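Data block below; observations after.
For reference, chains read A, B, C, D and E in written order, and residue numbers begin at 1 within each chain.
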Amino acid sequence: MNAVPLSWYLILSAVLFSLGVAGFLVRRNIITVFMSIELMLNAVNLSFVTFSYQFKQADGHIFTFFVMVVAAAEAAVGLAIILALVRTRRTLEVDEVNLLKF
Amino acid sequence: MTLLNLCLALPVAGFLLILAIPKENHRAIRTAALAVSLLVFGLSLGLAVRFDTSLPAYQFVTNVPWIASPAIRYHVGIDGLSLWLVILSTLLTPVGVLVSWRYIDRRVKEFYALLILMESGLIGVFVALDLFLFYVFWEVSLIPMYFLIGVWGHERRIYAAVKFFLFTMAGSVLMLAAIIYLYTQAATFDYPAILSLVAEGRLRFSPLEETLLFLGFFLAFAIKVPLFPLHTWLPDAHVEAPTAGSVILASVMLKMGTYGLLRFSLPLFPSASREHAPWIAVLAIIGIIYGALVAMVQPNMKKLVAYSSVSHLGFVVLGIFSFTQLGLDGAVYQMLNHGISTGALFVLVGFLYERRHSLEIADYGGVATPAPNLAVVFMITTLASIGLPVLNNFVGEYLVLQGTAQVNFRWTVFAAIGIILSACYMLWLYQRAFFGAAPEPVRAHVHDLSPREWSAILPLVVLMVWMGTATQTFLPPIGAANARILEHTRQNVEFHVKQRPPGAASAEVARAR
Amino acid sequence: MDFITLSVVKAVILAAVLMTTLAYLQWVERKVIAHIQLRMGPSRVGPHGLLQPLADVIKLLTKEDLIPPHVNRFLYILAPFLAVTLALMSFAVVPFGPEIEIFGVRTPVQLTDLNIGLLFLLAISSVSVYGVALAGWASNSKYSLLGGLRSSAQMISYELPMAVALASALLLSNTLSLREIVDTQQGYYLGVIPKWNIFRLPFPQILSFVVFLICAFAETNRLPFDLPEAENELVAGFHTEYSSMKFAAFFMAEYANMITGCALATILFLGGWHPLWPAEWGAHLVPAAVFFLAGAIAFYHGAHPARPRDRRTLPIVAVVFWMLAVLFLLPEVRAALAPLFWFAAKTGLLLFCFIWVRGTLPRFRYDQLMRFTWKFLFPVAMANLMATGLVVALFPDVS
Amino acid sequence: MLHLWLIPAFPLAGFLLNGLFGRRAPKLFVNLVGVGSVALSFLWVLNTLAALGPLETPHIERYFTWIQSGELRIGFDLVADRLSAVMMLVVTGVGLLIHVYSIGYMAHESGYYRFFAYLNLFMFFMLLLVMAGNFLLLFVGWEGVGLCSYLLIGFWFLKKSAADAGKKAFIVNRIGDFGFSLAIYLIVAHFGTLDFDPVFAAVRERPLETDAGLLTLVALLLLVGATGKSAQVPLYVWLPDAMEGPTPVSALIHAATMVTAGVYMTARCAPIYLQAPIALEAVAWVGAFTAFFAATIGLAQHDIKKVFAYSTISQLGYMFLGAGVGAFSAGIYHLVTHAFFKALLFLGAGSVIHALGGEQDLRRMGGLRKQAPVTFWTLLCAAVAIAGVPPFSGFHSKDAILLAAHHHSPALYWIGVVTAALTAFYVFRALFLAFFGDYRGDPHHHPHESPPVMTVPLMALAALSLAGGYFGVPAWLEPMFPVSEPAHDVALVVVSVIAGLAGIATAWWFYVARPGLADRVAAQLGGLYQLVYNKYFVDEIYGAAVVRPVVEGSEKLAWRTLDVSVIDGMVNGLGARAQSLGDVLRRIQSGNVRSYAAWVLFGAVLVVVAFGFWGGWQ
Amino acid sequence: MDAILFFVFAVIAVACAANLVVQTHPIAGALSLIGVMGSLAVLYLLLGGEFIAAVQVIVYAGAIMVLFVFVIMLLNAGAERPVGRSVVARYLGVPVLVIFLGLLSYVIQSMLPASEAVRFGGFDGGAPAEVGRLLFTRYLLPFEVTSVLILVAILGAVVLGRKEL
C-alpha cells in the first residue's frame, strides 16, 4: 500500500470540518471560535484541492486561493472587531457579548 | 441620443452633479437642482413640439438590449398617453425645487439629489416599453419618495414612510410576479412585442390565468392610485411628507397607477379587464364618494387634500373602466388635471405651512386679509379642484362621466355626487382658512406671496385656465393613444370570442362594443 | 547514489559548513565592530581570538539551563528551537553553485531544487516570526512580551515590501526556482556588464535591491531595526529570560537568517555564482588573486607585528591563503570551486555590509520604523513593481 | 359674422382689467372699466339685434372646438335667437342699471374693485349662459354664475354669515347642477351631441312620452337643475341666505338675472318638455307650490331683503308655473317684467338700507316717505307692478300665466290667485312698514335720500316696471313657443286683480290704518305664525336630515370607523400579527451565533444521515 | 511513501484540530491550528498543489495566524473559565461526534467507491504558472474583486482599530 484513495482526503476534510464545527460550538473564547472557523475554511480548502486533483483542473486551487483571501480579510476585520470589543466590553467570552440579543 | 433619452439621463446627471457639490453650499445645490429641472422641462417641451399626433406608433423610440439573459431591453418611447405625463413630471419637479427652497433647511444636498433622481424614475415609468424596465423605474421612483417622506417629513414620518413603502411594495411584488409569469409565457419583456403576440392570438391565457395576471397588475396599480379600500397610506404619506414630496406624490406618483392600468392592464388583459370592470367601477365610485365624505371632516389640510385625491382619482379609474373613448380621454385628462390642481393645492398648503407652521385648519382663518394674492390663487385652485368650468378639472370630469354615462348611467349618477361633495369640502376648507377675521398669529406670520412663490404657483394657475379652455392643445394626442388602446381591447376580445361557442360570443361582442 | 543518500550526505556537509560559518560569523562581526570602534576585539582565545567561538559554545553549553517560574514551559522551550530550525531550513533550497560533478556524481551544489524555492523561502521567513513571538509571550515577562510584539509586528510589516521587491525581480526572471533564477542572470551586456537583475534590462532592479536589503535588515532584527531587543529599553527584548543553549539558539537563528537574506539577495539580484566579469577578461583568476593578496597582507602584518605572537600566527595564515590561491589555479578544482567562491564573496560582502551598518547607524524609534515601511518602503516597492510590470509588458523581448 | 363673442367678451375684459389692476388703480378707472364694459356690451347687443332684424331663424356663430373626444365635439358656439335676444337685453340692460347704481351704493366699500370685477365676471357668465349654443356651454355659464353668486354673496367675507351663505348657495346650486349635468350626460349618451338644434330635432322625432321614459327623465333632471338655480322647492333655501350679499348683487343676481336662468333653461328645453308631459306637469306643480309656499313665508319676515327674497322665490314659482302649463312665453314674459320690478324692489330696498345706514329690519324703519321720496315713489311703482295692478307690467305677465294655468288646471289657477293676493299683501306690508307711520329706528340717525347715481337707475327701472307690459314679449317669442292662446276670459282677470287689490287693502288695514293689528293677529294664529315666521323650519329639517348625518356619518362612520379602525386597523393588524409571529419565531433566533451553528449542524447531520440511508444522488 | 506521508500528516492535522477543540487557552489553539495548516500544506503538495501549499504557509500560517497570535498576545488572553456544562454534552458529545464522523466517512466512501489513488506528481496543474494563468484569465474578475475586498478589509480594520470608534 503506497497510495491512498482520493476519498480519504475528503474524509480527512470532513473530519477537520467537523472538528472545526465542534470547536465553534464548544469554545467560548471568541478568538478560539474564530480560529475554529478558520479550521473549517481549511478543511474546505482541502476538499477543493482534492477535487482539483480528481478533475485534473487547477480551478480548485484558485478557489482555495480566494478562500484564503477572504479568510485574510475576515481575519483583519474580525480581529479588529475583537480588539474593539475587548476595549469596550473587557471580555473575550462570546456569551457575555449579548447586548444585541433579546 | 433622442430627446427622450436626454430627458431620462439629464436628471441622473443632475443627481451626480448635486452629489458633487459640497454639502454646505446650499445655494449652489438649490440653483443646480433648479437649473437641471428647468432644463429637463425645456427638453420635455421639445418632446411636445416634435410629437406627431398623426403617427400611430410610439415616438422617440430607443430600443437596445440591456441585459442579454433574460432578454431585457432598454426600450423607451412615448405616445400621446405618456407625452403629457412626462411633461407633467418635468413641470412639477422645478415646482418642487422652488417650494422646497426655504422649506428644506437640513440635509439639503440629499434632498435635492433625491428629488432630481426621482424625476428620472418618474419619467422612466411613463416611457418604459419593456416590462422589466418599467418595473425598475417603478421602484426607482419609489425609493427616493420613501426617503423624502422618511427623512424630511413631520413627526410621524417614519410610520408614514414605512406604510407608504409597504403598501406600494405589496402591490409591486405581485406585479413583478405577473411580469415574470408573462415572460415565461411570451419569452420577452418587450411590451409591444407581447402586445402583438396577444393581439395575434399567439399568446393565449386561460380565463383563470388571465384573471390572476390581471389582478397582479391591477393590485399594484390600484394601490398606487389609490383605489378605495387600499387608500389609507395616502393621507398619512401626504400629511407627513414635505411639500415637494406631497406635490410629486400627488401629482405624478399617483398617476403611475392609473397610467399602468391604461397602458398595461387594459390592452394586455382585455377580457379580464372587462369582466372585472363592474366591481372596479363600483370601488372607484365608492372611492369618489367616500374620499369626498372623509375629506369633508378632516381637520388637517393636507389630509383633506389627500382624501380629495382619493376622490379625484376615483374618477380616473372609473373613466378607464368605462371602456369608451370619452371615458379614457377624460381619465387621462383628469390625470393631468389632478396633477396640476392638486399639485397646486399642496404647493399652496405648503406656503401656508411655511408661514404658520401648522397644517390644522383650525389654526388658520382670515388669511385672505393679510395675504390677498395667496387667497386669490388658492381660490382659483380650489375652483379648479371642484371642477368649475373654464378651469381644467371640469373637462376631465365631464368626459369621464360622459363616457361612463354611455355605459352605465347609474354609475354616473353616483359618481356625480362626488362633484357635489367636492364643492362642500373644498369650499368649507377655503372658508375656514381664508374667510372671517384673522386671528393674531395669522396676522403676525402670514404674509403675501413672494416672487419665488409666485414663480412656483403661477405656471400651475395658468395651466389650470389653459387646460380648461384650450383643451385641443392636449386632447388630440391623448385621444389618438386612447383610440389605439381601445382598439387593442376590442381586438383581443374578438379573438377570444372566436375561440368560444357562438352563443357566448355575441354577448361578448355586444359588451365590448 | 540514490536520492536519499545523496541528500543526507549533502545535508551533513551543509550542516557542518553552516554551523562553522555561523560560529565564525559572530567572531567576524565582533572583530569588525571592534575595528570600527578602534578596538581589538576578541583576541585572547587562540590567535586573534580565532578560538573564541569555540569557547563561547562550550560556555553556553555548560551554563545552567535556567527556566524561570511562571513561564509556559512548553512554548518557552519550543520557541528557540522553532526559531533556529526554521532559520536553518531555509538553506535547504539555497543554491550555492551550479551543477558540479564530484566523485562521479553530478549534483547541484544545493540540498534540493524546489520549483517553488522562492515561495518556500518566503514561507519559512513568514513562519519564523513565531519563534520570536512565542518566546516573548511564553517568557511571561513584560520586556519579553513587548519585544515579541514589536518583533512580530515589525517582521510582518517588512515582509510585505520584501515580497514585493522580490516579485519585481521575479518579473525579470520569470521563474520561482532559485536555481533557474540564477541561470537567467547568466551573460553580459556588451560583454562586460553582467546580466544580473540589478542591472537587468528592461528595468534594472536597483530600487528593489535596496528595498530588499533594508527589509532583510528588519527581518533579521538587526540594527538599525533591532527594536525587539533594544537593550536600553527592553533589557534584551524577547530573549531576556533565555540563557545557555536556548539563548544561543536565538543567536544562531539570527545569524542564519542574516546569511539566508544575503544569499537570497545574491541569488536574486547579484547573479548568484556568476562572476563579476567574463572569464575572457580573467575572471577565473580572481579567486587565486584574491587569496594571494590576502596572504600577502597577512604576511606583511606578520612582518610588522602589532603584538608579539602575530609574528608567528600571521605568516601561517598567509601560507594558508597562498595555498588556497594555488589550489584555485588548478583548473579542475577551479571549475568546481570558482562558483562557490563567487557566491561566497558576494554573500560575504553583503554580510559585511550588515556588520558595517550595525557599527555605523543608530537605532530607529519604533514609530519611525513602522512609518518607514508602510509609508515609504512599501509604496516605493509597489511603484517599482508596477513600473517593472509595465515595462516588461511593453518590452517583453528586451533582456 | 356679427362678432357675438364681443358681447360676453367686454365684461370678461372688464373683469380681467379690474381683477388684475383694480387694487392699485384709482376708483375712476374701476368705475369706467366696470360700468363701461357692461355699457359696451349692452350697446353691442343693441347693435347686433339691430343687424339681425327679425331673427326668424337662429343666428349661430361657431368659434372654436372646445372639447373633441371621439365622435363628440363640443364647440364654443354662440347663438342669437329670439329667446336669447330677450335675455341678452334684460341681462345687459338691467345689469347696466345695476352697475351704475352700484357706483353709489358701494362707494365706501374697501373691496370696491373686487366687487366690480366679480360683477363683470358675472355678466360674462350670464351672457355666456343665455347665448350658449350647446348644453355644455350653457352649463359653463350656469356654473359660472353660480361661482359669481358665491363670490358676491361672500363679498363681506369677514362676516361668517356671509361666507356661510355663499357656501350654502354654491353647494345647493351644485345639487341642482348635479341634476342638470346628469341630463347632459343622458343627452349625449342618447343623441350623441350637445348642440341645441340637432338635439331638439331628434327629440321632436321621438313619440310623445305619456309614460315615463328617457325624455321624461331628462326633463326631470333638468328640472332638478332649474330648481337649484332658480330657487324652487326643495332647493330654494339658499336664496334667502344669499341676501347677505350687497344689495345690488341681490338685485342683479338674486332677482333679475341669475335666478331666472332656470326658467330660461326650461324655456330653452321646451321641445324636450313638450315631449314629456309628466315632467311638464311636475314643473307646473313645483312652480305653483313654490309660489304659494314662499309667499306665505314672505308674509312674516322682518328683514326687508328677506321679504323680497321670498317674493323672488314666489315669483320664480310663477314663471315655472307658466312654463309648466305650457305657456313658456308667458313665463319668459314674467321673467322680463320681474327683472324690472324685482330689481327695482331690491335697489329700492338698497336705497332704504343706504338711507338708514345699513338697517334692514322693517320693525326699525317707518316714515321714510318724506326723507326719501324718490325711493318711495319708485318702490311704489314696483309694488303696484308686482301686485298685478293693471295696467302695469306685472299685471300683463302674471295674467298671461294665470290664464294659461286655468286653461291647464283650475287648481293651479287658484293657487296662483291666492299667491297673487299674498304677494300684494307682503310687498305692500314692506312698503307701508318702511315708508308710512313713524320712524322707529335709531333716533340719532337721520335718514337721507340716496345720491342721483342711485336714484336715476331707480327711476329708469320704475319706468320699465310701469311700462313693461307693453313690450309684447309673448308675441316676439311666438315663433319659438307656439302655444294655443286660451280665450281671454275677463272673469279670470278680474278675480286675480281683485285678489291683488285685496292684498294691498289688507296690508293697508294692518299696517297703516290699524297699526298693531298685525301683531295681535299673529299672536292669535300662534303656532301657524311661528311656523311661517320660522320658514317652516326647512333649514333646520335639512340640517337635521341631511347635513348633520352626512357630516357626522363621514366623521364617525367613514373616517374614524371605516378608514382608521377597519382598513388601517386591518393593515396595522396585519403588521402586528406579523410582528407577533416574528416574536414567536424570534425565540429560535436567539442571537446566539453558536445556537445557529448548532441548527446548521443539525441540518447538515440530517442531510448526511439521509444520504447514509438512501444512498446519495446517483 | 505517499501513504506514509498522508497518514503522518493526516494524523498530525487531526490531532492538532482536536487539540484546538480541547484546549482552553487560545494560544495553544492557535499553535494547534498552525500545526493543522502546516500539515495541510504538505497534503496540498501531495495533491500537486505546490503553489497553494506555499501560499497556505505564507498567508495562513505566516500572516493570518501571526495576526491571531499577535492579538492573543496583545490582549493577553487567558484560558477559558470552565463553566458547568450539561452532563449530556460532556459524556455524549464525543461519542456522538465520533459516530457522526464514522457515518460521514461511510457516506463519502460509499459515494466515491472507486476513487483513484493519490500519487505525488499525479497532477501538475497546481504549479504557480498554471494557477497564475487561470487567475489572470478565467478568474480575472473575481481576482480583481478580491483585491477590492482586501482593500475594504484594510480600511475596515483601520477604522475599527482606532481608539474611539
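For the reader, a short list of remarks on this structure follows.
One rule holds for everything that comes next: a residue touches a chain if its C-beta (ideal position, glycine included) is under 8 Å from a C-beta of that chain, and two chains touch if they have at least 3 such contacts.
What you are looking at is a predicted structure, and each value in this text was computed from that prediction instead of being measured.
Any chain that touches chain A and also touches chain D is listed here: E. The chains that touch chain C as well as chain D are E. Counting steps between touching chains, the shortest path from chain B to chain E takes 2. Across the assembly, the mean Cα position most removed from that of chain A is the one of D.
Relative to chain C, the most remote chain by averaged C-alpha coordinates is D. The most central chain, judged by C-alpha centres against the centre of all protein C-alpha atoms, is B. Two chain pairs, D-E and B-D, are compared here, and B-D has more C-beta pairs in contact (counted per touch definition above).
Taking each chain's centre as the mean of its C-alpha atoms, chain A lies 54 Å from chain B. In this assembly, the C-alpha centroid of chain C lies 32 Å from the C-alpha centroid of chain E.
Chain A and chain E have Cα centroids lying 6 Å from one another.
Mean C-alpha position of chain B lies 79 Å from that of chain C. Looking at chain E, residues 51, 55, 63, 67, 72, 74, 100, 104, 111 sit in touch with two or more other chains. The set of chain B residues that touch two or more partner chains is empty.
Residue positions of chain D touching 2 or more other chains: there are none. The set of touching chain pairs reads A-D, A-E, B-D, C-E, D-E, using the touch definition from the header. Every residue of chain E that touches chain A in the complex is listed here, in rising order: 1-3, 6-7, 10, 13-14, 17-18, 20-21, 23-24, 26, 29-30, 33, 36-37, 40, 43-44, 47-49, 51-52, 55-56, 59-60, 63-65, 67-68, 71-72, 74-75, 77, 80, 83, 93, 97, 100-101, 104-105, 108-109, 111-112, 115-119, 122-123, 125-126, 130-131, 134-135, 139, 142, 146, 149-150, 152-154, 156-158, 160-161, 165.
Per the touch definition, chain D reaches chain E in the complex via residues 605, 608-609, 611-612, 615-616, 618. Interface of chain E with chain C (complex): residues 27, 31, 34, 41, 50-51, 53-55, 57-58, 61-63, 66-67, 69-70, 72-74, 76, 127-128. Of all residues in chain D, only 23, 64-72, 136, 139-140, 143-144, 147, 150, 154, 157-158, 160, 163-164, 166-167, 170-171, 174-175, 177-178, 181-182, 184-186, 188-189, 550-551, 553-555, 558-559, 562-563, 567-568, 571, 575 touch chain B in the complex they form.
Considering their complex, residues 586, 590-594, 597-598, 601 of chain D touch chain A.
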